[in-house]
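Look for chain A in each of the two complexes below; its partner is chain B in the first and chain C in the second.
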Partner chain A sequence: MTAQYLSFGVLALVTLWSAYKVVTARLITHAALWMALSFTSVSGIFLMLQQEFIAALQVLIYAGAITTMIIFAIMLSSIREIRVEPQQQTFGQRIRASGLLAVVVGLVFAAFMTYVYYVSEIPKEAVPDPGLLTVRQVGATLFTRFTVPFEVASILLLLAMIGAIILTAKETE
Partner chain B sequence: MELPIYFPLGLGALLFGIGLWGALTRTNAVRILMFIELMLNGVNLNLMTFTRYYYPENATGPILTLFVMTVAAAEASIGLAIILQIVRNRGTVEVDKVDLLKG
Partner chain C sequence: MSLADLWAQHWFRAFVTGSLVLVFALGNFYITLWLERKESAWIQNRLGPMRAGPQGLLQVLADLFKLLQKEDIVPRNVDRILFLIAPFVAHIPALLIFLVVPFGPNLVVADYDIGIIMIAAVTSYAVIATFIAGWGSNNKYSLLGAMRGAAQMISYEVTLVMSVIGVAMMAGSLKLSDIVLAQAERGVLGWYLFPQFIGFIVYLIASLAELNRAPFDLMEAESELVAGYHTEYSGFRFAIFLLVEYVHMIAWSAIAATLFLGGWVGPTPADIPVIGPRLFGWMTGPVWDNIWGFCWFLFKTYLLIFIVIWIRWTFPRVRIDQLMDLGWKFLLPVSLFNIFLTGVMKYGWNVLAESGSPLRWLFWLWR
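Here is the complex of A and B:
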């Protein structure tokens, strides 16, 4: 079925292009908005994989909460006004600053993983006729088999909240 | 699904690779935080792909992804709080300028 290939191709292109723009965008607020677009299209791929619950969480947590929090932190502080002055540098310094090594590391890693997936022994076809995983099943498993990790995760969130408040509170005598 | 499994797996690996590239080249701390989120997103994509293709009736994969998202949210809030504190004390967000312990 070509519609599947087509929709996956469009979503993958949007994801990769916006992730690339996160790296290369000059303004940090633009980078945050490109990051939100990347998260949204990954949520579309989750929908293609028939994981509605995770797709909704992706939009809520990543595209909603984390992007908003980063933009708030940029806007409410003086990060926005800090400018990087261009400085004179030699050719070797520019090569190092342009991050050629980092590009090579990132892309070699991605190419290596794709190669490993391609040649590995894993079956390439999906399990036929999957029963749809409903939110009810996920919730039932979460509150029976994974109760303790769930509580640990909530304690982690509570500690993160307290830590963020303590770290950003102004010290008063 | 007729889509071969290495298409979404390759997309996850590429997303992780772009995040790694950005985290290694950029020195702005807020931007490094964004790239960590991008890398975690690629990992989530891998998890969901394996869940869909091999264990579609098992709820363990979505739950593991849920925990990854929880840790990502906690890490983003703590990281931003630390960055705001660095900005308040040093007036910079460039991670290579924060080198007081450098020998």
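Here is the complex of A and C:
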């Protein structure tokens, strides 16, 4: 049990720290790489929950595809480095300006999580089957219960793809 | 605490099996590197390394020792941390693939239910590692090579997964040990090489591109990019990139042997018709099954490694636009067609299997 808490703690810390670095990293490429690390440690948490399929998809789609897409987007744009302007304001002013927003957002999120924690029912005894989400189950659910959302999402992706092609085709003309 | 108790502990078992995989990968890296030099020499009508050891067997050791002796140069303007960690990040996916490969009937490190998806997932770190190396080097050639490599790997990863889906459809499972068992039941002619021949060819081409091996080694094309993303690397960091390249090659060959050539399935001496059971009957049982399985697995893997090296030394390099056209306009539609064909044929066999119709033999291969 302690090993579980320990590994969860490490994974959570890595996730949070790398998420923080995504926002604060000066080089935009570093931000993309920190994001990959963050996604990877989230997939580790999925592995701890014995959801191998979700963990693999997390790595495949987020750490792999999304990060690479972002890297390509960075390479296509001209922004390389975020320059920090020398601050004219005092420390107190800065805290008030940026800190207030952070505190409000944080409080809202914390309230939401607490609400979810108290509202959701935690099973009293161990569930016989830990709800292992196999590929078969995911596929069956996608093609029965969630057919319409699945197809709508596909059309959305198709539209995005066509849009990207049109945008790049215009540039070459 | 006895050894059996220790073996029951998860951490101990993970440590031992992980170390064995590492040793397997490194040992085969050595053999493959030697094989590449000898085979290229053979194709180019020369002898290759002959001086160090019999048939130049120690030449690889000498080369690696030379690389380790060299100064580990870190240029002044590189992105220091990224430059230093890149070879090690590149190391991760190459070794993780071996976790799901069944070396024998009971020789799997981690038999995940999602074997094939896991392989596809960990491969994505190879792209990130390439990018880290290219960006970290702070060199135009490195960055160009890395971006090319990233584009190439992403394009061919889609094709690779699509070509393997046919196998998963035939076996009804993504677990690699299940796929091997399904092939064992079908006999030699039932290896997925035959019903999935299109898939196998697509897999072979796509894995060459994924490995950045010639004729698709565009990210390190000497005539255009010096050495691509490892232009700035020297000494043991370069050696690690070399190691990764070959370990990756062995891993992809092992996967191909498992998916298409039946993995560890193969006849043993005890299967020889008349004299087999009498002479070699004692060579049966779980331990011997694993030994024979491992030998067959190695044989099939090296057969594929041989083909990959053969292709490298006989084909000229393609251009980047040809590469992209091949991937997106030819291989991807072909692999999609393969999925369609497999579905239709499997359905046809399911429908006609019970009937006496002679037409059913048309679908027999996809049973």
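Throughout what follows, the second predicted complex is superposed on the first by the 118 of 173 C-alpha atoms of A that agree within 3 Å, B and C clash if a C-alpha of one lies under 4 Å from a C-alpha of the other, contacts with A are read in each partner's own complex, and residues count from 1 in each chain.
In this text, a contact is a pair of C-beta atoms (placed from the backbone, for glycine too) under 8 Å apart; a residue touches a chain by one contact, two chains touch by 3 or more.
Computed from a prediction, not measured in an experiment: that's the story for all the values here.
By the touch criterion stated above, A:10 is placed in contact with neither chain B nor chain C.
Residue contacts after overlaying the shared chain place A:155 against neither chain B nor chain C. Once chain A of one complex is fitted onto chain A of the other, the partner contacts of A:106 are limited to chain B, with no touch recorded for chain C. By the touch criterion defined above, A:167 lies against chain B but remains apart from chain C after alignment on the C-alpha atoms of chain A. Chain A has more of its residues touched by B than by the other of chain B and chain C.
Residue contacts after overlaying the shared chain place A:57 against chain B and chain C alike. In the overlay built on the shared chain, the residue A:137 is in contact with chain B alone; chain C does not reach it.
In the superposition on chain A, contact of A:19 is made with chain B only, not with chain C. Touch criterion met: A:33 reaches chain C, while chain B stays clear of it. Residues 53, 57, 65 of chain A lie in contact with chain B in one complex and with chain C in the other. Across the complex, chain B meets chain A through its residues 1-11, 13-22, 24-26, 28, 30-31, 33-35, 37-38, 41, 44-45, 48-49, 51-60, 62-63, 65-67, 69-78, 80-85, 87-88, 91-94.
Across the complex, chain C is touched by residues 27, 29-30, 33, 36, 52-53, 56-57, 59-60, 63-65, 67-68, 71-72, 75, 134-135 of chain A.
The touching residues of chain C, when paired with chain A in their complex, are 79, 82, 112-114, 117-118, 120-125, 127-128, 131-132, 135, 147, 150-151, 154, 157, 174.
Remark: chain A residues 1, 4-5, 8, 12, 15-16, 19-20, 22-23, 28, 31-32, 35, 38-39, 42, 45-46, 48-51, 53-54, 57-58, 61-62, 65-66, 69-70, 73-74, 77-79, 82, 84, 98-99, 101-103, 105-107, 109-111, 113-114, 117-118, 122-127, 130-131, 133, 137-138, 140-142, 146, 149, 153, 156-157, 159-161, 163-164, 167-168 touch chain B in the complex.
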